[in-house]
Structures are given as C-alpha cells and as structure tokens.
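What follows is subunit A paired twice: with subunit B in the first complex and subunit C in the second.
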Partner chain A sequence: MAQPVVQTIHRDPALFWWILLPITVVMILTGILRHYAMILLQTAPKKQMLPQIRQQRSLVRGINLRTNANILSPSSFQARKVFMVSAYQDGKFLADPEARGKPRPNPMSDPAAMEGMMGMMKGNMAMMIPQTLIMGWINAFFSGFVIMKLPFPLTPQFKSMLQSGVGTRDLDVRWVSSLSWYFLTLFGLQPVYTFILGSNNSASQVTQQMSQMNPGAGLMGPEQDPDKLFLNEAENLEVLEHRWILDGVEDRLLARLSA
Partner chain B sequence: MNEERELAINPIVQTSVQHNTQVVSNIRNLTASLFGVAAGTLGLESYPGFIFYLIGTFIVSGLVFVFRAEGKPSEYFHRPLGDLWGGDVFSGLSSFVLTWTLFYGLVRA
Partner chain C sequence: MTQANLLTPPSSIPPPVALQLSQRAPPIIASSPTSSLPWPLSLLFNAETPETWTIHENLLLSALRTGDDKAARALLDRLTTRFGASNPRIITLRGIYEEGTAKSDKELETIFKKYEDILKEDPSNFAIRKRRVAVLKSLGRIQDAIIALTVLLENSPTDAEGWAELSELYVKVGAWGQAVFAMEEVLLIIPNAWTAHAQLATVHYLSSRSLSLPQLSALTLALKHFARSIELNESYLRGYYGLKLIAKDLIPILSSDAPSKRNNNEDDEVPLPRLETVKKLEELATNKLAEIVRQHGSGKKGWQGYDEAEVIAARELLDRDGKIER
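Let's turn to the complex of A and B:
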C-alpha cells in the first residue's frame, strides 16, 4: 500500500500576527478580567448581630474541642466536655432562645439564602458570558479557513468541529481552523493564569468550582435549626473516645533515645 | 488504629503539604511549556512528541527528587511514589500541547 501523500498548504505568515496572536492575547486578558470581576462581584459578608456570632462560634468551638481532644489531658478534656455539653443542652448559646422547638421558616423566603444563590449564579455567569462572547467573536471573524497544523493526528470525528466552515472533504484533520486554537488556549492557559495571578485566582474553572464549596457556609446555613446542631454536637462530644497523646510518652522517648 | 495514633504523634500539617504541592506543580507547568517549545522546534509529530513529554517529565521528577527533596522524598511528600513520581504527570499535558502546537505551527508547517 502506498504511503498517503502528505498534504501541504502554503499559508500567509500574516495569519500568525492577525489571528493566533490576537486570540491568545484576548484569552489571557479575559482570564485576568474574570479574576478581577470575580473579586469585585464578591459581596462583603454581612455584619451579624452579636448573638448570631456567638451561636456560630460556639458550635465551632465544640467542633474544635472534638478534633483537638487528644492534645488535652483527660481531666481538662472532661471539664471542657461537661461544660460544653450542658451548655449545648440548655441552649445557652442560642441566638433567640424563644424560638427553640419551633419549625424553621421556609428557606426560600430567607433573604440570606437567596443571596448565596445569587453569588453562585454570578460565578457561573462570569464563566459563561466571556466564553460565549469569544466563541461568537472567533466564529464571526476567523471562520472559513485553516490556520495551522496540529502536530498529532486525530480521528475524523473531530473534522466537523475543528474544521467548521472549511468546505473541503478530503483535507487532513490535522489542518484546523481558529476555533481549535481557541480550545487549546482555553485548556492550556491555566498555568499562565497561575503565574500571573497567583495560585488561588478565580480565572481557571477548577479553582472556581472549589471556592464555591465554601466550608463555612454549610456549617450553619440559615435553613438548619441551630438547636438541633447543638444537640448533635453534644452527642458527638459525649461518645468521643478520648485518648491522650502524652500517654506512654516516657516509653516512646526512651525507645527513641536508645535506638 | 496504630496508624491513626502515629499520625496524631507526628501530625501532617496541611499548609506545608499544600505548599509542597504548589512548588511541584509550578515546576511541572513551567517545564511542560518549555518541553512543548522544544518539541515544536524539533518538529516532533504524534507519538514521538508524547514520548518526548513523558521522558521529559520523568527527568524533571528525577531532578525534583535530587535537588528539591534532597533524596529523601518521604520527608516532603505524604505518599512519595504517587505525589512525586506519578501524580502530576498529566497536569502539564495541556500546556505542553499548547506550546507544542504553537511552535510546530510557527517553525514547520
């Protein structure tokens, strides 16, 4: 079987200056713009009343006691545990003790929950709008001709996507139009953003998804009953198996020194 | 239980782990882009290009092992095998393909 003829296309060198470079620069600038837009769009945390803060912090205090329990000596852990459990069960830290045992209001009517949803919407919009705009821009200006050759072969399924607007049936799939350069920059520019903007920038998709999972938000959301959370935490503290880290430290020290 | 106790005695600080991962991924991203430039300039196509990338990342892993971890990766990584040698191999692939395509297009095609 004869070797297939290698197709060559002579292209204008100006293609680089007028297509590849502008697309790359625009992609980098959109990433930077998205980063700063996300910073601007972030709503400052609302100022909370003192009882609310106390309610939230005391739950965090219980959790901290539970996670760091092994550092405390048995007697001091017992004292803390007894205090926290009794305070939780009496509802001492509750923001409004009268509301104990009443059903919670509908979360949809709560303005704080709506605000959280709006924040998530804004994040998604900041991703979607630039991508749609740039795709449209590239399709409007730069479609209908090939600009470069990929260094690796692809299956013919990619032909319709990467050679959109190029009406030649037999052209090798490795010749691609500007849209594929857009896709390459979309995925390949993450490290560039990292170098320009620092490691926790919001220009790349992955870090943005991570930042939406705000750890503090789920801890005491408005839809959860703080009293139930407190009782739950009291139970967790009660069943915790306490094991002091300094148990048998002398033996360990001697073993290390003699080794 | 024994391992849990060991972790409590010698705790792993999350911040340090993150910092180490950050350093390694910075090195990987930068070198992946440079390998792309090299592969494109050499005019490598399809499989030789990807093999070039794999060999390059392996050499970079060796350099990180010798110079950054000073031959003792277990002091810097929680799981030396996965985090240093295997883990990040494909994270730099997209930037490698980007610069590879760009320089291949500029130099050869």
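Let's turn to the complex of A and C:
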C-alpha cells in the first residue's frame, strides 16, 4: 500500500455560510467594538500638580548631577554638591513638606490610586464580558460541527488544538471544529485589527496586557516615599568621587589629531 | 547634510530653507486632510496620516517666520477645528501666531495678560510659561524675563532649553557668573553636546574680555571647553575658531610673566596650560581652519555642511594674522 486512505467527509456547503463566516465576522466586529469601547472608557491621564512636577524633576536633576558630574570643574561641582545635598536633606523640593517623616497612607484609601485600579478593572471587564458571551453563544449553537479542512497535513499533537468539542479519536487532524475556529480567530486576528484600526489599537488582548505595564511608574511611584529617595540621592552625591573630564583635554586632543 | 523638509524640527532650519518651505503652503492649504462627507463615510475616505499635523504645525511656524500671515491663519484655523481650542498645544500655537502678528508693544501687553490668565488656571503649562518669557524678551524687559525664567526652572530644573535661554539672557545683561552657571546646567543634562561646550566656552571667553579680574582662569576654561567640543566633533568649525582666538590671547600672557603669575595661581583650582601646548593647539586650529576654508571653497562634497557665514568669518580670521604665512 503506497498511500494511506484519505478521509473524506461530505460537508454541507451551508456550513461555510452559516458557521465559519458568522464566527469570523463576529470576532472581527467584537474586536473593533472593543477598540472603540476602550477609547470611550479611557480616562484622560491626570494632570500633575506643579509641586509634584517640581519634586520629581528636582530628583532627576540630582541624578543628572551625579551621572554627568565629570564635565564640571572641581569648584563648581563642590558648590552644586553642597547646595543639592543640603536642599535634599532639608526637604526643600518636597511637594508636601508636612507629610515628611510620616508613614505613607494606605494605597487603598488614596482616591488617585483607586482610580488607577478602576481603570484596570474596566479594561479587564471589556475583555472578559464579550469573550464569555461569544464562547457561550458558540457552545450553544455551533458545537460539534466540523467546518473546514486544512490544506496541509499536521501531526496528531494538534488534535486538541484544532478539534476541541469533537470527540472522535480517528478523525484526521486536518479537520477543524467550530469551537477551535473560535480560538484560532481569538488569538490570530491581531494583523487584521492592525490593518483596520491602525497599529496601536486596543482590540486584542496582547496589547492590552502590554499597556497595563505603566512605563513611568518606576522612578517615583505612589508607593515610594519621596523624602527617602531624596535622602538616598543626597548620600549618593556625598560619596561621589569626582574626576574632571577636561583635565588634560589639550594634550589628549593634540595626541589624537596630530598623530 | 540632508535636505530639510516639512518634518524637520523647525528650530534647526536656516532662514532660506524656511522661506522655501513656506512657499509650499498653498497646495497644502488647498487640500483638506479631513473629508467633508457625512460621518460613516468620512471614516473611510480619510487622508489623514500621523505626519499630516506635524506638517501643518511646522508649516505654520515657517509661514510666521517668513511673514505669510494669511497662510498661518488658515493653518491655525484648521488645526483648531481638528483638535479643539482648549488643547494645550493649540493654545501655545495660537499664542505664537498672535505674538508673530502683533504690531505694537500694546498688543504684546494684551497677549501677556492672556498668558497670565491661562497660567492662573493651569500653573503647570510649561509651554505657555516659555511663551511668557518670550513676550517679556520681545518687550525688552530682560530683567522680568530672567525672573520668569528662573521661576520656570525652579519648578522644572531638567529643561535644557530653558537653561540655555537663561544663560543667553544673563549674557545680555552681563551677569557672567550666572550665565556660566546656567550653561553648566545645560551640560549636566546633555553632557556630550559639543555645541553646548562651545557655548559655555564662548561665555567664559566673553567674560574674560569684559572684566579684568580672573582673566587667566576664564581663558583657560574657555580653552578647555573648546578643546572638549573638538574632541567630541572633530570637524566642528566653531571649536577651532574659538581655540585659535583664545590661543592668540593666551600666548602673550603666558610667555611674558610666566613665573610670577603662576606662583600666584598655585592655589587656584584650574591648572594653567603649558605654553608649548597652547602654541601647538593654535597651530592645529590654524591648519584645520585653513583646510575647512579651502575644501569648502573648492566645493568638495562632504565639506558643504558648514554655515556660509561661519566659513567667511574663519577666512577673515586666517587673513588677519596669516599674511606672512601665505
């Protein structure tokens, strides 16, 4: 026997029109709808107050001084160091000087932090609800159908991925069930959304999870005590070993350019 | 140098190019990026790209620079209908437009009042704070501009642009120490900018020319910073120019009263450069300047990026002392 027997199943052509196409269209439309719902639900980023901006940028200034101190002459570096260290230690740049030395309040009681958490909740809900609904819809109406055949052979490991909801052992892996088609579209429609909605859409869940990692939270998040950060930076500045980069720059230049 | 187009940041465009760019305004104004069809269809036939509005903004600035107020007005109106009048960026652009078209000091005063009102509502609008400094500067109230700018920098000390502007204002009133301080802050933020090094060196040099007290150390610092700017960019014309100027000032001082002066400056933090080093640097700078002038003059490719005025100044400096050499 040279060739294995090719399984043939006669499918009703209406399966394509009434199951494959509706699932695909519904999935695309849900993605688009989710994108616009996310835009509606998004709260504009809260404006920082002037003292907060000052507090944060003053810290960055100290870090700049520490990392780039080498371009300053020794005397002007000393002057700056003395000023910055004493200002940090006196808490001159703090947005809220009264709260100095007190323990941080519980983040759950802080309305600003609550708002951030609400935003995350909203995003998750917009993800969860449509998925549950569509999953239920497909399970109720379309479960158990074999709707298409892939044009290439696959190993049996793909059986659980492509034939969920169809409990036959001997069926060739190339046949795809309706529930599996739902999962495939759920994870595989990102390029389609990019084509329709542009590159930074919020239709798919992958981008959702990426955007929840807040980039700016590292430096001075709400959970950190600014006073501690300032004292820390003052200490860093005090132990810094200063080397002037302009020392002997003339000789370096001559050696390089006249050689 | 690549050709500037409408997506280049407007602050780095020389005047002739700005004129060229602003002449491209009519076709852009004529073609609307937003479609005039009713809502669902307008989504489909939209020619709006992310660059569209950058082009509009840059074109607006170029048009204002070249005095094409009508085009500027049209562009501003279009931006306002797209983004709304309360968008902070639009507020700033409108401010720039009003400043650009103001005819008298009185109109500028009213704009200034408007800025004050905006700032009272939203004190963290730094763009408007900067515009306010600009208005004070064009009104000639340098002292007030300095005060406004120091308030801005007190609140946002990581703003290199602001520190550079402050340094320039201090130079205008002749406060050299403060100007140097502000310029050093710029360097702390962008430590490898050779232009900033050259600017700091220039401030040091100007201070040494205007007051006679710590002349030698200021000249030395200027020399060092110019040398650093060349170390960072080996074909930087302004660096060589400054190096040559300062070396010419330093050589007579160093060779005339070397021992006595040096003992006085023993406790000074800046070690003076050796006479031979300065002489060698002067020679190096002369050679480099001559090369740049020659190559630029002969129209060689790769040497055309220099500013015409700077090359002329370099040639003039070479001519001034180089009569014997040639």
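Things to note:
Criterion: the second predicted complex is superposed on the first by the 164 of 259 C-alpha atoms of A that agree within 3 Å, B and C clash if a C-alpha of one lies under 4 Å from a C-alpha of the other, contacts with A are read in each partner's own complex, and residues count from 1 in each chain.
The criterion applied here is as follows: contacts are C-beta pairs under 8 Å (C-beta built on N, C-alpha and C of every residue); 3 or more make two chains touch, one makes a residue touch a chain.
Here the structure is a predicted model, which means the values were calculated and not measured.
Applying the stated contact rule after C-alpha superposition, one finds that A:17 touches neither subunit B nor subunit C. Looking at the shared chain after the overlay, A:83 reaches neither subunit B nor subunit C. By the touch criterion defined above, A:245 lies against subunit B and subunit C together after alignment on the C-alpha atoms of chain A. With both structures placed on the common chain, the touch criterion links A:184 to subunit B but leaves subunit C unconnected.
Taking subunit A as the reference, the larger set of touched residues comes from C, when subunit B and subunit C are compared. With both structures placed on the common chain, the touch criterion links A:141 to neither subunit B nor subunit C. Once the two complexes are overlaid on the shared chain, A:36 sits clear of subunit B and of subunit C alike.
Within subunit A, the residues touched by subunit B in the first complex and by subunit C in the second are 70, 245, 252. Residue ranges of subunit B in contact with subunit A, taken from their complex: 5, 8-9, 22, 26, 29-30, 32-33, 39-40, 44-46, 49-50, 92, 94-95, 97-102, 104-106, 108-109.
Interface residues of subunit A facing subunit B in the complex, by the touch rule stated above, are 16, 20, 70, 147-153, 181, 184-185, 187-192, 194-195, 199, 243, 245, 252. Contacts from subunit C toward subunit A in the complex involve residues 122-124, 154-158, 181, 184, 187-189, 191, 221, 223-225, 227-228, 230-231, 234, 269-271, 273, 277-278, 280-281, 284, 288. The residues of subunit A lying in touch with subunit C in their complex are 47-50, 53-54, 57-58, 60-61, 64-65, 68-76, 245-247, 249-254, 256-258.
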